[in-house]
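I have placed the structure first, in the form of structure tokens, so that the comments after it can refer back to it.
Should a chain be cited, it is by its letter among A, B, C and D, assigned in written order, with residues numbered from 1 in that chain.
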Amino acid sequence: MPAWSAPVRYAECDQQGVVFNAHYLAYADEAVAYVLAEHGLSYGDLLARGLDTSVVATELQWSSPARWGDVVDVDGQVERVGRTSFVVAFTISVGDRLCCRVRTTYVLTDAQRTPTPVPDDVRALWLRGAAAP
Amino acid sequence: MPAWSAPVRYAECDQQGVVFNAHYLAYADEAVAYVLAEHGLSYGDLLARGLDTSVVATELQWSSPARWGDVVDVDGQVERVGRTSFVVAFTISVGDRLCCRVRTTYVLTDAQRTPTPVPDDVRALWLRGAAAP
Amino acid sequence: MPAWSAPVRYAECDQQGVVFNAHYLAYADEAVAYVLAEHGLSYGDLLARGLDTSVVATELQWSSPARWGDVVDVDGQVERVGRTSFVVAFTISVGDRLCCRVRTTYVLTDAQRTPTPVPDDVRALWLRGAAAP
Amino acid sequence: MPAWSAPVRYAECDQQGVVFNAHYLAYADEAVAYVLAEHGLSYGDLLARGLDTSVVATELQWSSPARWGDVVDVDGQVERVGRTSFVVAFTISVGDRLCCRVRTTYVLTDAQRTPTPVPDDVRALWLRGAAAP
């Protein structure tokens, strides 16, 4: 089961009849809370600990379009954990067909939105599910 | 000069090649601050007085589509002022061609988002510009 | 089971922490295909018959906000069928709590987007599920 | 004067009070037609020649947030021209403050959306304005 999934909406498709590119970024961003939850720490848990995240950078690479009538599945995993940042790699697919890869770098912040070191237990949870280097 | 104006964005047009209906509501909502400013009271002034607004109801009526390449002009005026609510009537046009009429009822609230009576001086400003009944 | 349902997305909530008003219109519009399917005629069936729809008018009335973390359920039914138009009434709810009522008038068109009379069998399907007058 | 410019819309800001990340991609994508026009070839010219573009990949890097009340300015230039592809580098700023860098790789296609070599005169126009390697 994917971390996050949704039928493509009519309003997300442009005049070319395909999902407009910015929506893929919105899909990945919406999925990140579910990806973190799969790693054992929900976004709500983060907030409850006085932590939050900010997006620093993201890369998207498209392979094929999604269209109205398709269901997009988003999967992801924490790929790397730095001192105050972490990277999540997402795939956005329709069935077996890959549509877009997204790789996003987040910085962990405190409630005042100042970058803050990733706590050891959070690092352990995130690395547990991460790909071998 | 219209209260608010913007070139139609590519991403706002759907597979039929016309602006998707929900964006007209977004245009009107974005324009309301400028319409209020034309009546002599900016949205920032409202917030500075500890007031805010909530949308209660809205009606949209379409006459013709806007397309990528068009510039949409939004005009509006306060049409009616109730005890805690007010109605703004908007027109959304491309040049001389009317695309959509929007009529939105707002409730005035305090900072805790509880409905609050429209102050007399605000009522006077809003009615000054309003259409005769 | 509602005709259409979706978790509220983070990007749909504004600075007030509630779903921005235009998204309710997008929810209802996305749901209409599913509502028509419940009446026995999918949007795909319509297109296959050389028919399409255009939105003519819509009214929205809000009762309570939806927030990130909520799941919005959209239900609807064909409320009235005219010669070339029809009206669908939607409710958008979170659990038992009504958030917004939407009533939308569509015109039935041919593939060239010219209004066209509602065929008798389509009328019958739509009225079968409709509320008594 | 920037290639494209727009006041931030209220609906583009999320619960953190800043423009939601996916909108920066939408800003850049909307600006590309104006950037190409600055290079001497409008998007309309491209279409008139039976050409179109598809987005292949994009990278975004954020430095500071844009907020409601800010005006975002988008500038860009063709940075590289390949056999069938080209890269546009964008900056998204508020006044003198850089908010986001976007670098997007497009493939040039024919009307059937098959990749097609960049014509020599188009290449010349695009490189004329491009940064020295």
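Following the convention adopted for this analysis, contacts are C-beta pairs under 8 Å (C-beta built on N, C-alpha and C of every residue); 3 or more make two chains touch, one makes a residue touch a chain.
What you see is a predicted model, and the numbers here were worked out from it, not measured in a lab.
More C-beta pairs in contact connect the chains of A-D than those of the other pair, out of A-D and B-D. Of all chains, the one whose CA centroid is most distant from that of chain A is B. With centres taken as mean Cα positions, chain D sits 30 Å from chain B.
With each centre defined as the average position of its C-alpha atoms, the distance from chain A to chain B rounds to 35 Å.
For the pair chain A and chain D, the distance between C-alpha centroids works out to 24 Å. Multi-chain contact residues of chain B (touching two or more other chains): 10-11, 20, 22, 26, 29.
Contacts from chain D toward chain B in the complex involve residues 6, 9-11, 26, 29-30, 33. Touching chain A in their complex are the following residues of chain B: 10-11, 13-15, 17, 20, 22, 68. The touching residues of chain C, counted against chain B in their complex, run 16, 20-23, 25-26, 29, 54-62, 113.
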